[in-house]
Every structure is written in C-alpha cells, then in structure tokens.
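Common to both upcoming complexes is subunit A, partnered first by subunit B, then by subunit C.
So, the complex of A and B:
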C-alpha cells in the first residue's frame, strides 16, 4: 500500500478539519466498508468524488479526458497504419533498392528514438524554427498535429517492419509466382496476393499497439500539456486520489479488453487458419 | 487547477486564479505587499490589533449585480471558521468574533492582537465568497469564471460590477494547467503565454543570459532548511546538530545551486519592515564524540534541486566532519508521511510565509504544532511565542520573536540553508507587473501591450 494520504500537504491541516474531511470522504470507515462502497458505486457506473479536484466527480473528469485521449490514440493509430502499411509493402516490393534502404533506416531511427525525444525535436523544428504549430496546449486541430505525429510515428515504424517482412514472404510465395507466371499485372498481384496477407500480422499487432499507445500517451500528454487520461493516471497516483485512479484503471482495462477483443475477431476473419482451429 | 474554492485552495496555482476571482476587504500593494483599501474603504486597528473595524465601500455588488453587504462578509468568514468546510486556514479565524454593526461596518475581535489582520484580509482565504459556494457562483473580485476545463484551462472574464472595474484592463485571462516546466517554457518562448511561475533548472543560465528582461529571480518570503529528528539518536544531541549546521558552507551552496538564491543565516527571511534579523550562532568548539555513528541518513523528496543540494551537503559533511551521508529520496506524499512519523534522521524542508510577519515562520516550532515534525520541544520557546502573541506593541513583539528565533537557531532542531527566489517568467508586454516577496499577482492592475 502506498503511504501517505490525499490530504497530506506541507502545511498540515488542523486536526478538526482533517477529521471532517476524512469523514466526508469515508476514509474513517474500515477498509472493507470502503471496498464495499466502491464496488457498490461501480455497479451504478459511479466512482464517487475526486479527492484532489474537490467538488468534481470522477465520472465528470473521465468524461472530459476520454475524448481527448481517444482522439489522440486513434489519430496516432490511423497515422501509423496509413504510413506504415503502404511504405512496408513498397519497401518489400523494391527490395534492396535505395528506396528500401532509406525507408529501413528511417524506421530504425524512429524505433530507437523515445517519443519524448521525438517530441522535443518536433517542437524545436515545427514550433520554433518554422513557427508553424503551437508547442503545446489543446483546443484546435493545429494543437493535435504534433502530439499525434509524435505518438504515431514510432508505431508507424513498427507497422512498416511487420508489413515489409510479411510482404516479402508473400512476394516470394507460390501463389504470387503463379499469378505472375499467368501474366497478372503487378498492381493486381500486390492487391490480391500481397496486401491481404500483410494485414494479418498487423491486425494481430493492434492489441499490443493499443496498450502501447495508452502508455505512450502518458508521456506525450505531459509534453504537450493535453488534459487526457494519461496525465490524470500518473497524477492521481501521486495525489493519492483513490477514486480517480480506480476510475482510470477500470476505464483502461475496459478499453484494452474491448480493443483486443475486436482485433481478435478481425484476425479470425482475415486468416482462415485461425478460424479452422475451431 | 484543482480547487476553485478560495477558502480551500492552498496550491500556488489555485491561489493565483483565486486572486483574480475573489476580492478581500483589503488588497495588497503589488510591490510592497502593504494592505490597501479593497472592498473596505478604510480599516483601523485598536489595542495593537486585538480589535479591527472595517468600513465597506458603498454600493458594492457581486458579479451578477446583486448587492454585497457586511452580512455577506460575515457568512463567508463563518464558512472559513467552520471545521466542516475543511479549510486549511481555518485557524486564522478559529477564535475570532466578528459582527456587522451596520450594512457597511464590520467589527472583528481576537483574544490576542493580530497586527497583520489587514494584510491577511487580502488573501483568498479571507476573501468574500458567496455561501453556499459553487465555482460558478457570482464573484466579488475583478474577474468572474467563464469556463473551466479540468487540468486544461480556467478562463476568467472581467467582472463589470467590481468596485474598481474601471482600472481592470485585460478583458480575459486564461490560466493553463501545465505539468511540465519545459512545456511551460516552450509556451512562453513561443509567445502563447505571458506569465509562468517556474522554469526548469536546466534553462536558468540561458534565460539569465538571453531573456534578462523576462527572467529576473527575486527574493521570496521562503526558506529552504533541514529538519533534524531530535527524538532519535544521534540528533537528540543539540551539540551534534549545531556541528552539522556549522559544517554547511552556505555561500558555496548558494553559489552552486544558483538562480539568485541567497545563503540563509536565519530562519525568517529578510524583508519584514522593522524586524531585526537573527543570525546563526558561532560554531561550537567541542569536537565530535567518538560514540557518534560514522554515517547518517538524509531524506528528501525527489526533485532535481533537492538532489543537487543533498549531494552538496553530503560532500560538505564528509569533508568538514568526516561523516558519510546516505541519501534517500522519496516521492512527495511518502516523504511527507515519513517526516510526519519521525521516520528520518535529517530531512529536507522548506517553508513559505503566508504574510509578511515572523510569526508565520516561528509559530511552527512550538512544541505541539503539527508542522514542527522535529520532536523538538522547548518551554522557553513556547513561552516567548505566547508572550509575543499577546504583545500589543510591535517593537516588543518583534523583540520577543527575535529572541525566539535566536533560541531556535541555537538549539538547532533545524538548520536554515537558503532563501528562496522567485523563478517567474514575465513577458515584457505585461505592464504593471511587480515581482514581490510572496510571488502574488494582482491581475486587476496589469495591462497587456501587444506592441512593446
């Protein structure tokens, strides 16, 4: 158990005041009673009041923060797919050319850079050198661009690698060779025989990617001062905001479970081998 | 911004927003911090500050246009006084008696003198806020709440019914919540914000060199010090505590941490008009007892500055006393818990005064004060503080407090290290800004010049 409580501060509260606060938040009850209370709240879809944001309920905080995190997360995921998938196939198709080499170097670089370093570089380039985009804050599309880019690019690099590997083996597989031998145009070959196979490992990667995006957003949200779930998650633990940290944990679990489930269902549809296991 | 209730707010960020929204009977002069008429046109003290009379301005209004009278002041203060409110500054009014003798006259009396009460009235805790309170309720200050997005932005707009609305120049202020000091610095440098209270330590040399018009560290009414645990061996021995305190080379320390911080030779920071500064006693001659353990433990809460200071102390104690120090760092709440439980030998501390008076520093080391946390108890000290509380002459009061401080420094349950400095970044476009000892901002007296 973490030591220290939500009302601890440098300036100690008067004893009477502290007792009142503890009673208001039911901290004077036994642990079992408190456990029962939060379970009961949970069944009603409630988490109770936040300890740190007095007078604000955890549900309200989550309702404010969730859309911001979702926009950031899905934006980054979409960006990663749009960039990673086509470049991966291109790189495999142009194997051992200059295009392939430069794309691979770029992806290694993006994978090696921690996202806060990437964010620093992006801010110094786009906010200070070019003065195109604000360095932080929220409120408009312009504020979304840099965080989405910094969160999405490392995943784009990962998807690029997966797509390239799978596309390479698809390009050398028997069906592709046969299709080419039968004179199918190269574009059709890629579309019919390479692209669908490339999707399989990428969809399988979406589950872990979601988890990665959730944790990655902690850092990105902090760097860009975005009021999403990630920064709340860290701060609620530091503040000993019990209700808020429980609320976010439940929400994260639900998000992760749902998305992994959908990824699995999708995977079964894409890959007949998985379906045949039934 | 976590708490938007002026009576509950303690964080400096929250308090800055509260200064914009809620007005007190007095307001502070932005440079000297001396109290000036606010909602009250005049205030007088009697019996050395045991009794106070305030006369409210005629025709005061809340931001929704309804009348604000002495009855509203009483209600707001009663809410502060009641323990069920959970106000951290509840003790300020705990034993006060206040009455409204007419719609615009207030009488306040205390069991002992409160010479600083007029100054305290400019603090958000004693400001006039509606009862029952909600963050959207009408305000008495220069601004009213327009919107709030948690952990993002609190936007306030000018209150047309503020008593001094004519003077308020900036129509809107956005208060942004920014966790990372680097992010705040980026926002400032790109011109997105005009004021930020802190800067990252790494950036200080560059800022001093290149942004001298915006970055001018100035003295703060705060002291960085260490607590010794006097309940436990080895620091139950005052002589050892003195040795440890004397072995600190404060000039070197201040120089190393930089940013204009000054070495502290007393606990109460300088800057209180009329208060004679105390100073650390000359180092004891006696050599350290052989029984003393060869190493001690120093506890601090994780931060770059605290770590730097800990390492310098570790080095100085090793060099000057031959004692090795183990450094232990803990996350803030865990650290507070350990300090409160007396689970430490030496621990890093700091204290910031609530108003310009030595009492806000010295009262915390009374034997039973919850913020003492050193286990040090001295009847003589308690007596001096008690006597000072009852003194009606300011000279006598300051003399007693000076004696108390001298005793505190001699007995050394604490050792002062540095006086804090403000690390504010203020845009040159912001006119009328004064850096003051408490780092408080009167938003109503600022103007923003887009073209400097």
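So, the complex of A and C:
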C-alpha cells in the first residue's frame, strides 16, 4: 500500500476535519468496499471526484484535457507517417547516394536524442533566436507546431527506418524485377510493388508507436506547458490523486487497446498471410 | 563503413575510459561551486572548456560524471532486463506446448498495458518508502534498475524464446534428453551457453534504450536525483535554465551532444552486431 495520502499538508489537519474528508471521499471504507465502489462507478463511466482539485470531478478534467492530448498525439502520429514513409522509400530507392546517407544520418540523430532535449533545442532556436513561434502555452495552431514536431520527429525517424528496410527488400524482390523487365516506369513500380509492402511493418509498428507517443506526451506537455492528459497524469501521481490517475490510466489503456486492435485488423487486411497464421 | 566503425568505437572507448577513471583524474568534483564563475560560455581551449552552469560548476567535469552514471545505468539496467527475460524466454521455448502458450500470453498481457505508466506510478510510490529501503541497503538507483529491467524484459524474452525454439530441435539437445537429462540440466548445460551470443545482441540493443529511459525518468524527477549527476539531470537543468534573457545554450547543448553522440555510436554497433548475428543463424 502506498504511504502518504492526498490530504497530506505541511500543517496537520484536526482529526475531525480529516475524518470528515476521508468520509466524503469514502476513504474510511474497507479496501474491498472502495474497490467495489470504483468498479461500479467505472461501469457508469464515472471516476468520482478528484482528490487534488476540490469540487471538480475526474470526468470534467478528462473532458478538458483529452482534446488537447488527442490533437497533439494524432498530429504527431500523422506527421511521423507523412514524413517517415515517403523519405524511407526515397532513401531505399536512392540507396548509397548522398540523399540516402544524409537522411540516414538525420534519422539516427533524431533517434539518439530524448524528445525534451529536442524540444529545448527547438525552443531556443525557433522561439528565442528566430522568434517565429511561441515557446509554450496553448492557444491557436501556432502553439501546436513545436510540440507536435518534437513529439512526432523521433517516430518519423523510426518509421523511416522501417520503411527503408522494407522498401529495400521490395526493390530487390522478384515481382519488382519482373515489372521492371516488362518496362513499367519507375514511378509505377514504386507505387504498385514497393509502397504497399512498406505499409505492413509500419502498421505493425502503430501499436508500439501509440504507446511511445503516450509516454512521450508526458514529457512534451510538461515542457510546453500544455494542460493535457500527460501533465495531469504526472501531477496526479505526485499528488496522490488516486481517482484522477486511475481515470487517466484507464483512458490510456483503452486508447492503446483500441488503436492496437485497429492496427491488427488493418494488418490482416494488408497482408493476408497474417490471417492464416494461426 | 570501416572508418565509421573505428570512429564510433574509439569514441565509446574514450568516453567509457574517462568515465571509469574519472575519480583518478585530477579534476574538481562535479559539485564544486565556484562563486563568481557562474554561467561562463564554453572557452573551448582554456579552463572551463565547456563553460559553467548557474552555480559555477564546471560543465566538462559534470558531463563526464554524468557519463559515469548514465553508462552504468545503461549497462546494469539492460543486465537486469536480461536476467529476467532470458530465463523466461528460455523456459517458455524449452517446455513448449501449454506452458509456452501461457507464458507468452502473459507477456502479451504486459505488452498491452502502457507499462511505462505503471512504472512511473511504482517509482513515485516507492519514493515514499525511501527511508525504509535505505535501511535495507537499497538506494533510489537500485529501484530504478529494477524498474528498467521490468520495462525491457519483454523484447528480451521474445528473442530468447525464438532462440530456444531453434535450440530445442538441435541434435545435442535431443541426445541429452535421450540420455535422461532433466529439463533443468538441459537449460543450464545446453541452453544458457548457447544463448550467450543472443544475449550480447540483446544487450547492445537494450543499452541505448535504457540510457534514453534514464533521461526520461530523470526529467520527470523519478530517476537520478540531484546532487547526483546523469545526462538526464544535466539536460533537465539545461532545459530549466533556458530563458530568452540570459544566454545559457551550452547548458543544454553540451549534454545533448554527449548523449546524442554516445547513442549514435551505440546504435551503430547494436545494428552491426545484430546484423552479423542474423547472418550467422
């Protein structure tokens, strides 16, 4: 059992007040009763009141924070796909050229830096030196650019590597050779024989990528002072805000589960061999 | 690519050597504050070659001290992951059938939960028990190793299982079995020695990820704690010191460069070793 409670303060509270508080939040019941209560609430889509923010329910906080985090997370995922996939195929197609080498160097650089370091460098460049973009806070679309970039770029690098590997083997495969021998233009070869194959490892990567983006957003939201789920989660773990952290964990797990499920379904459609692997 | 190999390897060896022998080099301690020498930008050729921070501490010394902790965390953290994952995967692969299915579904279950989030929780709860744990001789760093091991044992277990499935059909394992060797004997005498190459591959792939995880957790205040120095702590301090009025870019740029270079070199060798391993099997 975790020591320390949500009502720990510098000054000790009078016993009566503490008892009142504990009764209000049902902390005086047995563990089993509490567990049953929260389970029952969960089925009603309720997470109860927040411990740290008095008078606000967890559902309210989640409703406020979820859109911010969703916009950030999906933005980053989309950016990673749009940047990583085409560059990966390009790099494989131009294997061992300067383009390939510089793209590979860039991707290993992006994979080697934690995203908050990336964020710091981006802020000092784009916000302090060039003064193009705001360094923190939430607001218009301009506030979204830097966080989305910093969260998405490491995943773009990973998708780049996956796409490049798969495209390389697709370019050397028999169907591609036959298509080229028949005189199919290179653009068509890439479109018909290379592009569909690169989708397979990338879709398989979507599940882990979602998990990574969730944890990445914990940090990125802190750096850019975005009031999303990630900031709330870290705060709630430190504040002992049981209901809020439970709510966010449930939401995270549901998000991850749903995305992984859809990724698996999509994967089976893309590659029929996976379906028959039983 | 020969030149890249030599370059990355010599960088890693140099860094590891400097980190290892840091206490014997005649340098000031990483937390020596020189009042009056605050926020000096890098001089490159003379005394504070990489500058000083807002408390007048020499950033060059601090980066080396950070390397000491970060590399150590990477090495030991991956070793813990190996210690959990290798036997798990080997046992699952050796017994096969129902045991295998159960153990792998359990692994799937762990993979479907955002474990990092659970580990964050675990670390913040264990923070409350610091005094008791210290009495048991466990510091925060030890807990951190377990947490990291817990995070990274899954891929290790999968690689180990794939290897074990291959080994299970090897003739010498058949021979041992027909001579009446128990599963325990097969595991110890035949599996673990043969899983050694795979372990090296797993280690080289895991170390950079653990180092990144350390910076992540230190940033959230759940990893290494000041006055301890790691690259995560340095990067965090560099980020915190950033503001548009006072120049202090080197506080972030120096640890970021050290971290980036090290991880690029480690990744390079990780890819190389796993490629040659795959070519051999």
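The definition used in the following text is that the second predicted complex is superposed on the first by the 277 of 278 C-alpha atoms of A that agree within 3 Å, B and C clash if a C-alpha of one lies under 4 Å from a C-alpha of the other, contacts with A are read in each partner's own complex, and residues count from 1 in each chain.
Convention: contacts are C-beta pairs under 8 Å (C-beta built on N, C-alpha and C of every residue); 3 or more make two chains touch, one makes a residue touch a chain.
Here the structure is a predicted model, which is why all the values come from computation and not from measurement.
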item	value
Subunit B versus subunit C as contact partner of A:211, first or second or both or neither	second
Touched partner set for A:256, first subunit B, second subunit C, both or neither	second
Touching partner for A:112 - first (subunit B), second (subunit C), both, neither	second
Subunit B versus subunit C as contact partner of A:41, first or second or both or neither	neither
Dominant toucher of subunit A (residue count), subunit B or subunit C	B
Which superposed partner A:227 touches (first subunit B, second subunit C, both, neither)	first
Which superposed partner A:245 touches (first subunit B, second subunit C, both, neither)	second
Contacts of A:121 with subunit B and subunit C, given as first, second, both or neither	second
Which superposed partner A:134 touches (first subunit B, second subunit C, both, neither)	first
Touched partner set for A:57, first subunit B, second subunit C, both or neither	neither
Subunit B and subunit C contact sites that coincide on subunit A, given as residue numbers	2-4, 123, 127-128, 135, 222-223, 238
Residue numbers on subunit A that touch subunit C, as the complex places them	2-4, 108-109, 111-114, 116-117, 119-121, 123-124, 127-128, 135, 211, 214-215, 218-219, 222-223, 233-234, 237-238, 245, 249, 252-253, 256-257, 260
Residues of subunit C touching subunit A in the complex	112-114, 116-118, 120-121, 124-125, 128-129, 208, 212, 215-216, 219-220, 232, 235-236, 238-239, 242-244, 249, 252-253, 255-256, 259-264, 267-268
Of subunit B, residues touching subunit A in the complex	2-5, 8, 10, 83-88, 90-91, 94, 134-135, 149-153, 176-180, 182-184, 186-187, 189-190, 192, 331-338, 340, 350-351, 370-371
Subunit B partner contacts - residues on subunit A that touch it in the complex	2-5, 8-17, 19-21, 24, 52-56, 60-61, 64-65, 123, 127-128, 131, 134-139, 222-225, 227, 231-232, 235, 238-240
